[in-house]
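In the part that follows, the structures are each spelled out as structure tokens.
There are two complexes below, and they share chain A, which is joined by chain B in the first and by chain C in the second.
For the complex of A and B:
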């Protein structure tokens, strides 16, 4: 459990942001991860009441407030109508309904957990985050390591016709996946993103580019390229050799599903 | 009332969140107790300085090894005298696992207590730890011989790191019979430790009563043994300690070890204040106990006619840093496991439990049965595979049946069993004929069936002693007093049903006083699958005696012939006359007032001389993804003989829960340490137990036998229901892949590794 000397809720995001820039401060936006880890900090700034939790279509984008719960995302008619059922697939293994009622979209993304199937899926969907005071940044760029003390207010997913697939391997249904891969194909692009390697979600850029250059390329070559360019390691859930062995299987199945 | 699904008497209150549990009942102004754990897996404390912690405002006391008696005890809350190796004190000077309690702080708040922990200075001399049970034998001893005590020779050899040992022999020499056998196998099976992962972590509080007695509320499995251990470990008389068990939020054997009650008692003794100790989930993993990890070698022979000719079991278990329950686990590994099959011509059991510097092992549902039966059933699977026999038929032909004797079974003979019917019915329900052994579903998937059979005991034969008291109150209601401990299973409800059946009274008219050393008669507690069978027998006997007394008193009071009297549904009927029946409440009131001031009360003991085995046959239908190693359980069938089923609904959830718990052990649960001895799987995030989403559709059926020694023919069922899934899954894996997997858990990684190795060796999948 996260322990702190002081807990505050601020009137607005500007104040939260100025507090968050100081040392030894933790934002919370749902607080579920904070219950898992035994940590201590000086100040906790609870930003949840300041975050929009709406899900709506705006122009050619789906706009999700950072405060929306994973359960809301799972049950949203707007998401279903937008042909983004893959988001439901990306969260349904996470704990139970009660937990998904507490976990927020913003909190999930800010955690940058490598095991998050939602993050991997959103990268594959070429989503962007909107950071308070900064504006729109691609999720892929956000995950590279910057923007550490910034606050996510929105997530934007471009709406377009596409095929997608999420393949995962896990020891138990509600356990974190030990490897997963999301593949999204639209008229022009194919994006392959792998998570639980166990590092953060990573785009198989060479394989994805290869497809763009040669749309008729056999799936096997894409698999071989992606396997070569991504790093796979060991952790409590699986060894590197297993991840390397199973990644091609998952990717092959995902590619088949998106028609490659 | 017997064979009815009476609702659990406290189920609704629990579901509504009523204050029933230890933490709900703790005094709000109680001191908060926190524990400082060792940062080394094996070390001697050279200096411990609590002065800075004590100087912190709000800190009331700090205890270390210097504040507690140095007499070795065991925290195993079982029989008295306890057979476990006595090797520890409340707080140790030599710590033998990472996180072992070094000091205890009691403070006015949790925050202060935690801050105080950080102010305690400890200097250690660090020793080389040993985490491997095989390497530990004969290497640096964890204990001096003088630090260890046993009530009888349980095989303890501390100088060799042996906690306990057990050896049994029957019939011819094993190797001679194996040489003569048509087929034989010699296999080693390994099983990992398992965490109990109960909902409610370990917790207790202690407060002084007006006479200075220590009143302990504890989430425990035995109030009387807890009382004894607190008294022994602190050097005070048991009558100065009262232990009460409120509702327990799960235990599974984990709370059959008295880790924390002596600590809160010591704090209250020192401060005169109430104090509460609630373990965190991490402490529950790191400080308490696990199932014994094991390595079990089974040699088994098969005659040309298909009869099992020889069984030799060599069981090695990791007891970790302390000796609680290791001897008992070996005993159950032998006596509650091997008699599942008819006595072979050669039979032997060798068991050793070993000290290492890991979290202590202890009691866990099954108690040696799961480890040995996984290995034993694996040998049967492999024998059948090698000899091209159907393993279900091999079991059908070799399993023990009612009326047969066995040298290792309690009482020497099996008096009740429907095991053969269980196997036959299970084959039907799983679709054995259609699915055996395996078939390919698609390019990547093979579907297969597997099964296993299991037994256990009902209480500890020759050892368990309990009592039940039942009183007729002035208003015609009855009060049942029992010292047993319902751990959330519904055992209290079952005891009420038994009383209700004998007395022909509605359960609502029977009050229940349970689990309180001051108010209830002696009961050994809830372990060894015993409350229904052992305490249930005492309750039935006490109620029967009360029934007789009621009729005798009615005869005297109302001048009726006692031989004509019957007690029927709350009325005393005189079958010899036309007179109106007398309501029981009238007799009770008459007795208590003008009739002579008598309150009828009966105490009946029960000596558990035998431990009749319940049986389970478990069948699994599963699919294996041969490219990822992932196992997908499609269906599980559990057939159960627990004698008469007193409460079908409660019995069914025991079966479902036990099977689910074993599926977690079989497929993914694992207790993992790093190289320094730190437990890595120390949260529900890193130690995953199965959820309902992991459990396949499950069919449960009971085929009742009638156990002549049981209450209304009942036997136990709490532990036996754990045993079958791991072995059944392994058998199905063997059918699907042709590979005998030697160790649990069957993670996708392990299964795929086996398939990869098969391919590398030029082998092929069977279908």
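For the complex of A and C:
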């Protein structure tokens, strides 16, 4: 659980950021990870009141406030109308309604959790985060490391015509997946992203390049390439061996669903 | 830290440590319907309403709730009593420990879906409320009947 000595809310994000960059300080948005992990800090800075929680379409992008709850994302008419039902699929297995009422989009992304199907899906959709004081950064780049004490204010998803699929393997309906794969295909690209490896979402770049060079390539060759280039490990949920057996099945199903 | 909450319609002033969970705060101030099962945000036993929406009180810092309306089972006595009759009719409770969280979630469902719900939808809406004893079937029958006004 989270142990802290002090709690503070600031008037603005600049002040929160200056506090957050000091040692032994933790931001809190939804705060749901406070019970799952043992963390100790001197000061907790509550940034939730400073974050926008709206979901809106602007031009060719879907813009989601970092304070938006996963339940709001799940129920959003704007997301349904934007033909991004995959986002609903990515969150609906997470615990229950009460938990999803608390988990925020920004907190989820900042956690960089390997088990997050939402993060994997957002990478496949080529989403970007907007960081306070820095600007727009691709989510893929954000997840590589760095930006550790920065504050996410928005998530942006490009809107274009595409096919997508999310395939997961889990032990129970509300359990975190032990492996999942998101595939998104549009006119130009095919992105294959795997998560719960148990590591964080990773893009199978060689497989994606292969598809770009040879759009008629059989799905089985893409699966073999992706399996070779991605790393799978062991944790409490599954062995590396098991993940390597399950991954080709999930990917093959996902590729069929997007028409490869 | 001093924090002022509105609990079941009543203003309550609490003096708490920063790391105190809302579940601990509520229980220490006499709202013992709030149960801690897993204390990790998984089981749903600690479900309360915050501004009318179900949330897990074990995973909320009480100091973040300044000025917020919190509702526990003690605050929805008549609804809880009626739902309790449906649960009793199905013989659905054994130890009863998960009941308060379950009641808060089902009562919220009735408010949120006045048109009623199908069984599959209800099952998803209750997926975050775990029960070790009952096997869920009696609870589902009771909840379905209550939510759909049968």
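Methods note: the second predicted complex is superposed on the first by the 260 of 260 C-alpha atoms of A that agree within 3 Å, B and C clash if a C-alpha of one lies under 4 Å from a C-alpha of the other, contacts with A are read in each partner's own complex, and residues count from 1 in each chain.
In this text, contacts are C-beta pairs under 8 Å (C-beta built on N, C-alpha and C of every residue); 3 or more make two chains touch, one makes a residue touch a chain.
Not measured: the values here are computed from a predicted model.
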Record, for the superposition on chain A, whether partners chain B and chain C clash or fit.
clash
In the superposed arrangement, does chain B or chain C reach more residues of chain A?
C
In the overlaid three-chain picture, which partner chain does A:2 touch, first (chain B) or second (chain C), both, or neither?
second
State whether A:130 touches chain B only (first), chain C only (second), both chains, or neither.
neither
After lining up the shared chain so the two structures overlap, which partner does A:239 touch, if you call chain B first and chain C second: first, second, both or neither?
first
Determine, under the contact definition given at the top, whether A:249 touches first (chain B), second (chain C), both, or neither.
first
Who does A:96 touch here: chain B (first), chain C (second), both, or neither?
both
A:36 in the overlay: touching chain B, chain C, both, or neither? Say first, second, both or neither.
both
Could you look at A:169 and tell me whether it touches chain B, chain C, both or neither (first, second, both, neither)?
first
Once the two structures are fitted together, what part of chain A is touched by chain B and by chain C alike?
36, 96, 173-174
Chain A partner contacts - residues on chain C that touch it in the complex:
1, 18-19, 21, 39-42, 44, 47, 53-56, 58-61, 63-64, 105, 108, 124-129
Sort out for me which residues of chain A touch chain C in the complex.
1-7, 28, 31-32, 34-36, 44, 46, 48, 92, 95-99, 101-102, 173-174
Going by the contact rule at the top, pick out the chain A residues touching chain B in the complex.
36, 38, 96, 169, 171-176, 178, 236, 238-239, 242, 245-246, 249-250
Within their complex, state which residues of chain B touch chain A.
282, 444, 627-630, 664, 667-668, 672, 680-681, 683, 685-686, 688, 690-691, 693-694, 747-749, 752-753, 756
